[in-house]
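A short write-up of the structure that comes next.
Chain lettering (A, B, C, D and E) follows the sequence in which the chains are written, and residue indices restart at 1 in each chain.
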Amino acid sequence: MGQITLSGVTKRFGDVEVIPPLDLQIGDGEFVVFVGPSGCGKSTLLRLIAGLEDTSAGHISIDGRDATGLPPAKRGLAMVFQSYALYPHMTVRKNIAFPLRMAGMDKAEQDRRVEAAAKVLNLSSYLDRRPGQLSGGQRQRVAIGRAIVREPAAFLFDEPLSNLDAALRVGMRMEISELHEKLRTTMIYVTHDQVEAMTMADKIVVLNAGRIEQVGSPLELYRAPRNTFVAGFIGSPKMNLVTGPEAARFDAHTIGIRPEHIGVHPTMGDWRGVVGVSEHLGSDTFFHVHDTGLAPMMTVRAGGEVGLTHGDTVFLTPDATKIHRFDQNGIRL
Amino acid sequence: MSTQASRSAARLMLSPAVLLLLVWMIVPLALTLWFSVQRYNLLTPDRSGFVWFANYAAFVTSPAFWLAILNTLLLVGGVLLITVTGGILIALLIDQPLWGQGVVRILVISPFFIMPPVAALIWKNMFFNPSNGLFAEALRGIGLAPFDFLGQAPLASIIVIVAWQWLPFATLILLTALQSLDSERLEAAEMDGANPWNRFRFIMLPHLARAITVVVLIQTIFLLGILVEILVTTNGGPGSESTTLTFLVYKEAILDSDVGTAAAGGVVAVILANIVAIFLMRAIGKNLDA
Amino acid sequence: MARAVSTQRKAVNTALAWGVALLIAFPILWTFLTSFKPEPQAVASPPVWFGFDWTVRNYVDVQRQRDYFDYFWNSVVLALGSTALGLVIAIPAAWSMAFVPGAKTKDLLMWMLSTKMMPGVAVLVPIYLVFVWLGLLDTRIGLVVVLMLINLPIIVWMLYTYFREIPGEILEAARMDGASLGREILYVLTPMAIPGIASTVLLNIILAWNEAFWTIVLTTTNAAPLTKFISGFSSPQGLFYAKLSAASTMAIAPILIMGWFSQKQLVRGLTFGAVK
Amino acid sequence: AQETTTITIATVNNGDMVRMQGLTDAFNEAHPDIELEWVTLEENTLRQNVTTDIATNGGQYDVITIGTYEVPIWGNQGWLAPLDDLPAEYDVDDLLPPIRAGLSVDGTLYAAPFYGESSFVMYRRDLAEAAGIAIPDQPTWEDIKAAAAAMNNPETGVHGICLRGKAGWGENMAFLTTMANSYGARWFDENWQPQLDSREWKAAITDYLELMTSYGPPGASSNGFNENLTLFQQGRCGMWIDATVAGSFVTDPNNSTVAEQVGFALAPDAGQGKRANWLWAWSLAVPASSDAPEAAKTFIAWATSKEYANLVAETEGWANVPPGTRTSLYENADYLAAAPFAQMTIDSINAADPNSPTVQPVPYTGVQFVAIPEFQGLGTTVGQEFSAALAGQKTVDEALASAQEIATQTMTEAGYIQQ
Amino acid sequence: MGQITLSGVTKRFGDVEVIPPLDLQIGDGEFVVFVGPSGCGKSTLLRLIAGLEDTSAGHISIDGRDATGLPPAKRGLAMVFQSYALYPHMTVRKNIAFPLRMAGMDKAEQDRRVEAAAKVLNLSSYLDRRPGQLSGGQRQRVAIGRAIVREPAAFLFDEPLSNLDAALRVGMRMEISELHEKLRTTMIYVTHDQVEAMTMADKIVVLNAGRIEQVGSPLELYRAPRNTFVAGFIGSPKMNLVTGPEAARFDAHTIGIRPEHIGVHPTMGDWRGVVGVSEHLGSDTFFHVHDTGLAPMMTVRAGGEVGLTHGDTVFLTPDATKIHRFDQNGIRL
């Protein structure tokens, strides 16, 4: 239950090919995150799977059955939209029961399922409110509730947290992860926030302009990005990419080194530079180091509090074991 | 939302409205076109036959034709001018904090509910009448001679009546638009040193552009067809001073019972109305794009 | 701008706004007042304001001449009937235009509006002939259809602008939830658009109630609404201001009262997409 | 029970018609099998609706109210059912001959007169007395002019004379055509050539404008019968030349402030042998498209009968009986006593001759109109010109010139004038 | 230029006292951040300074001059709104020039200043576009541009980044900081995002229900929060607060310890617990540890990648020097 296979799936809007032919396997029970910059086709891909858009070519099969031509309701999938898409005129109870009602389920069974879902999501005391009377996080949970009751083969989430504020986002992220632990249903989750991708996914699919750049577990992507695009996309702050003689020293066209893999010392080290803006978060400090001759700016993370300020000279030393090497096409060597 | 299935459903669901309107347009239009090349007078049914474009020629060369076009433009333009400026001013006024806002709004909106014959009758008899009308009384009250509004300024009087009927509509739409103006934008302008006039001129007025477009568009459609108000008050006169294109067609159709010429006039009116409409869309339609 | 507005300023605003509002509504108020005057006092010079011999004679006279309720009832049936029929046809059309827009959607809308630009008088004889052929003269159903067709473009436009503000995602959610198209419209779209539909309905009732060309031409007795009622009072012989006022009051009162009570609804929806 | 037939009656909204609606109980008692439906409209709307319906064979109406203008035209057209089988007790011969002539085509009656009217002068005896003048029973236009000048006193709100100024073939043109007739003018010569640019027309219109601009009320260009009636009832007019039916309104103390002061005189002349009085009858007819002609005729026979007159007299008094249709009414002493204007009315009616309305010969019938279908439109358009002249927007010459042009164009298009 | 002093400033809406009497000194050239939970009165305070709201009591002086009664335009301040409040019908150029035009400045000088501002903000190539044709970040910059050209005594920012997505937010944050470095004009910046507060501020003002909880530099607040409110608000993830016997051991009612100050070991340490959700960011890993008997959940940060998974038992050891102690009123001891 919950295996999804895309083979040669293509989507064109008019003349524009938004998704070139694409193959992807999603295993039962996996938590797959589609990640990529804005406009790269994440939502489109999700909607193709949901059946809200027709594929221009290729096949989608769900649990081995060809679902390419099926209408959305017949695919056995549930979707949680970015805007939640709750029915504002129905109570929470009715919202959650709506798919059951549409399926013609009898009233008692509807109620039973709604109560169960509400319990899982801590919504029991809000069942008679309308969406308008709920906070953002609660709305989010109602949307999830509506998806859960149908016991779908897979959940589809389209940036479900992007409308929440930072604090709530962290909480909801956790709740969705816990839900996945509990239900073990396949989940496909779209985001452009790489922290979400890293913390939630079993498997991350990095998309760029409709093409898959890399598929793998978060740590695989962190440790071994297949190309500079993935390298730049995964990890925060961004990996420093260096070209030129210093890269050539490592036998590569480009080398990448993450801010957390660079040591900082006031007097000695490999590369010399000048401190620009520094961001003190208390727990960590990020320095922007200029004039290293490597790249316009190098970002460096120093644990805790460090006594360096704007204009100071520093020396940087990369952890040689953590250097990523790329050829002139940006492909990992 | 664009699966093949939903697109065909959309076509299906659109079709009743489109078909009905098509029939509603085509059938009378076809008959009208047919009549417009016939000699067809209701009162002389025995004199009939195909006359080519004689009816068009008769209509276009009738002495009142050009005046009617001018009057139509004046009527539409005048009413639009009054309702839009008046609507903006009133909207600005009742958007301010004041006591009894609800009642004020109800009073302002009221003329919109009045059926045209009643509106025309009220104005004609109780206000414009040079002997018994309130305006005459008022003029007499301040020692002036009563003015014969419908005789001396027939078109202007009709414009007043029609503008009175449409002022609430313009006011309401403009008021809603005004209230949708993000207050931060006004505050920003205030921080930028804009005085109240400049805030109106540079912030509010451009914000209202779209609403004004809609008001102009909808009102034009209704105003081009104004008939009852003229019929009740001046009957197009004196002379042809207040004859509009629609009224001219009415005169042919009803007074002369000349269906042929009226049909020709109708076709001419439709063509002219569409020219006005196209002109409107071109000139201001870009405001309508979302 | 939540700065306190001085009481003085508010008083000035209030005075001004009330002045303007009373001026605008004055013709109606005056008509109402006149309807209670004896005929000679209705044309008295200088005009009498309140100190006249209040009477309901005019209403009695008007009612004696013509049974108001027949006309009133027809107005109600025509207004409601054409509105209901219009909604049934316009909601699916507006759904299509709002949620499955094509390159030609705007043009289609403008074309629909352009059908309103044909002067009624020009097609009077053709339409009359069609009505004669179909035996629809002086029938409510005939008038309901005509009024519906006249106002359909406006209904479609209003609904369209309203629907466009409803996020498509909600309808997609319903689709994912297994709702068929009909149920999607019935259970999700329509309830969500209630405010918009309400004001569309109100506007359409007003327009249908006040339509004064076709309702006069195409009816005689059975289907004659209040526009026909009033057109019999326009210039009788003798003094008639008070009776005219009474008849006018009777003709406009129902819609005026409905308008007053629902003005919030009406105003909220009356934007035609003028407000983004 | 019997089958009931429903007949739809289209009427104008004037007092006598409205009164008739109030009295239909009597008819219903006598004819329980006939049910009456009323459509009461303002005159122009009525004419428009009825014309459209009849011409398209719509069959909406069973009884229609039309005037002496329409009857001959529509009768000719075959649109009306002939009323040649009225019962004996109806006493067709009792109808006033000029009225009956006006409602017949080739001797066949096509409509029954409900009330008939001519026009005459109404004036304020008190004002005339105060001004020291007397208006003769058979005045000339010179008399009228002198009286208007004498009575005119705008400061006190009294205008010397009120005349129709509102455009319309049945409004200002009805009056102006009769005035022109008395000046020796005519609409057309025997070859249907319009004569509006003639000396006689110019004289008539010039005098009309002079009267109105010097002694008339303000805004006269929008005054029709009703407006003038209101003015006269309020005591704002010294004189008023208009329909004889007005006699009962201006002498009605309930509505008129000058009821006791009204004097009557025949319409004026200019010494040419024709007086400026018209002839009109609101009449009831049955359209050929009616599906209940028998019931309709039954109703008409009732509504225009002597009994109906008696019924009105019983319930509303003799003064309110529809005037101007039957000889017998004017032989009724009760009526003559109740209606001070009765004699003047019958004299006026009898003085009108629809078949020879003008000093010079004409090819048409009709006193204050020309009984051809085109006259409705033509008369109204020409009326607009004179109305504009009255409003000061045109000179007499301009108005007459464009009237002549319009008339020539209309008559040419309609085929009367062969090129 | 740019000194702002509030003394006894109070704001009531009707009967509700949103800001109780409040004193604050803002020095010339400072970057001051107002931070606090939603609804605490940050915007209100800013608007009071701007003159967009009347004070109910108290005085505001700008550069020593009493500005309490002055209209906004006269205060010499510029404001950047949350919604940007750009004029949608004007080009970028006109937007930026608007305050100058209102001041009646001559055309040439306007152009000069607009070009200069556009250069600073990298907007030169967009000057003839309308706001609707710009991305969120670009709009933000236009709003700032409109503020800059007036050369105000101080800038007021009301959550200027909250409408932007996460990635952009980081970039814009930096740009504003750099702008401040460059211009050295006083800036007052409202946010409820503590990362923004920490990284941008010279001085943070923590507000809670209209009252100032603490004023100080970011690191002062991080190191020595004056009470539990500030302690919980500053730092991410949140400080772990522990009450009960373990707190009593430290002679306090409540103790606080930040996630980054707790050591993790699979077999030995002070506190024993069970691993719940863990978030692997690559650079760091955050563990939620349950069943410690201290608090429902303790958050712990471990550097890099750590081989612990859901359900494992761990031992936690706090860095004793980094423990914060609070009394029963939550005040720092």
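Here, a contact is a pair of C-beta atoms (placed from the backbone, for glycine too) under 8 Å apart; a residue touches a chain by one contact, two chains touch by 3 or more.
This structure is a prediction, so every number in the text was calculated from the model and none was measured.
Chemist: Trace the shortest sequence of touching chains from chain A to chain D and report its length in steps.
Modeler: The distance in steps between these two chains is 2.
Chemist: Go through B-C and B-E and name the pair with more C-beta contacts between its chains.
Modeler: B-C
Chemist: Determine the centre-to-centre distance between chain B and chain E, using the mean Cα coordinates as centres, and give it in whole Å.
Modeler: 55
Chemist: Per the centroid of Cα atoms for each chain, what is the distance between chain C and chain D, given in Å?
Modeler: From the centre of chain C to the centre of chain D is 39 Å.
Chemist: I'd like to verify one number: the distance from the centre of chain B to the centre of chain D, where each centre is the average of its C-alpha atoms, in whole angstrom.
Modeler: 36
Chemist: Let me have the rounded angstrom distance from the C-alpha centre of chain A over to the C-alpha centre of chain E, please.
Modeler: 26
Chemist: Which parts of chain A, given as residue numbers and ranges, touch two or more other chains?
Modeler: As it turns out, chain A has residues touching two or more other chains at 52, 71.
Chemist: Among the residues of chain C, pick out those that touch two or more other chains and give their numbers.
Modeler: 1, 43, 45, 124-125, 129, 172, 231, 233-234
Chemist: Residues touching two or more other chains, restricted to chain D: which are they?
Modeler: 48, 52, 56, 230, 234
Chemist: Would you mind writing out the residues of chain B in touch with chain E in their complex?
Modeler: By the definition above, chain B touches chain E via 182, 184-185, 187-195, 198, 202-203, 206-207, 209.
Chemist: Please output the residues of chain E touching chain A within their complex, sorted ascending.
Modeler: Touching chain A from chain E are residues 38, 162, 165-167, 170, 174, 177-178, 181, 192-193, 195, 198-199, 218-219, 222-223, 234-237, 258-260, 277, 279-284, 288, 301, 303-305, 310.
Chemist: Under the touch definition given earlier, write down the residues of chain C that touch chain B in their complex.
Modeler: 1, 5, 10, 13-14, 16-18, 20-22, 24-25, 27-28, 30-31, 34, 43, 45-47, 89-90, 92-93, 95-97, 99-100, 106, 108, 110, 112-127, 129-130, 149, 152-154, 156, 164, 168, 171-172, 181, 206, 209-210, 212-213, 226-227, 230-231, 233-234, 241, 244-245, 248, 251-252, 255-256, 258-260, 263, 266-268, 270-276
Chemist: Would you tell me which residues of chain C are touching chain D in their complex?
Modeler: 39-40, 43, 45, 64-66, 124-125, 128-129, 131-132, 137-138, 216-217, 220-222, 224, 228, 231-240
Chemist: Enumerate the contact residues on chain B facing chain D in the complex.
Modeler: Result: residues 41-45, 47, 58, 63, 129-132, 136, 145-152, 231, 234-241, 251-252, 254-258 of chain B touch chain D.
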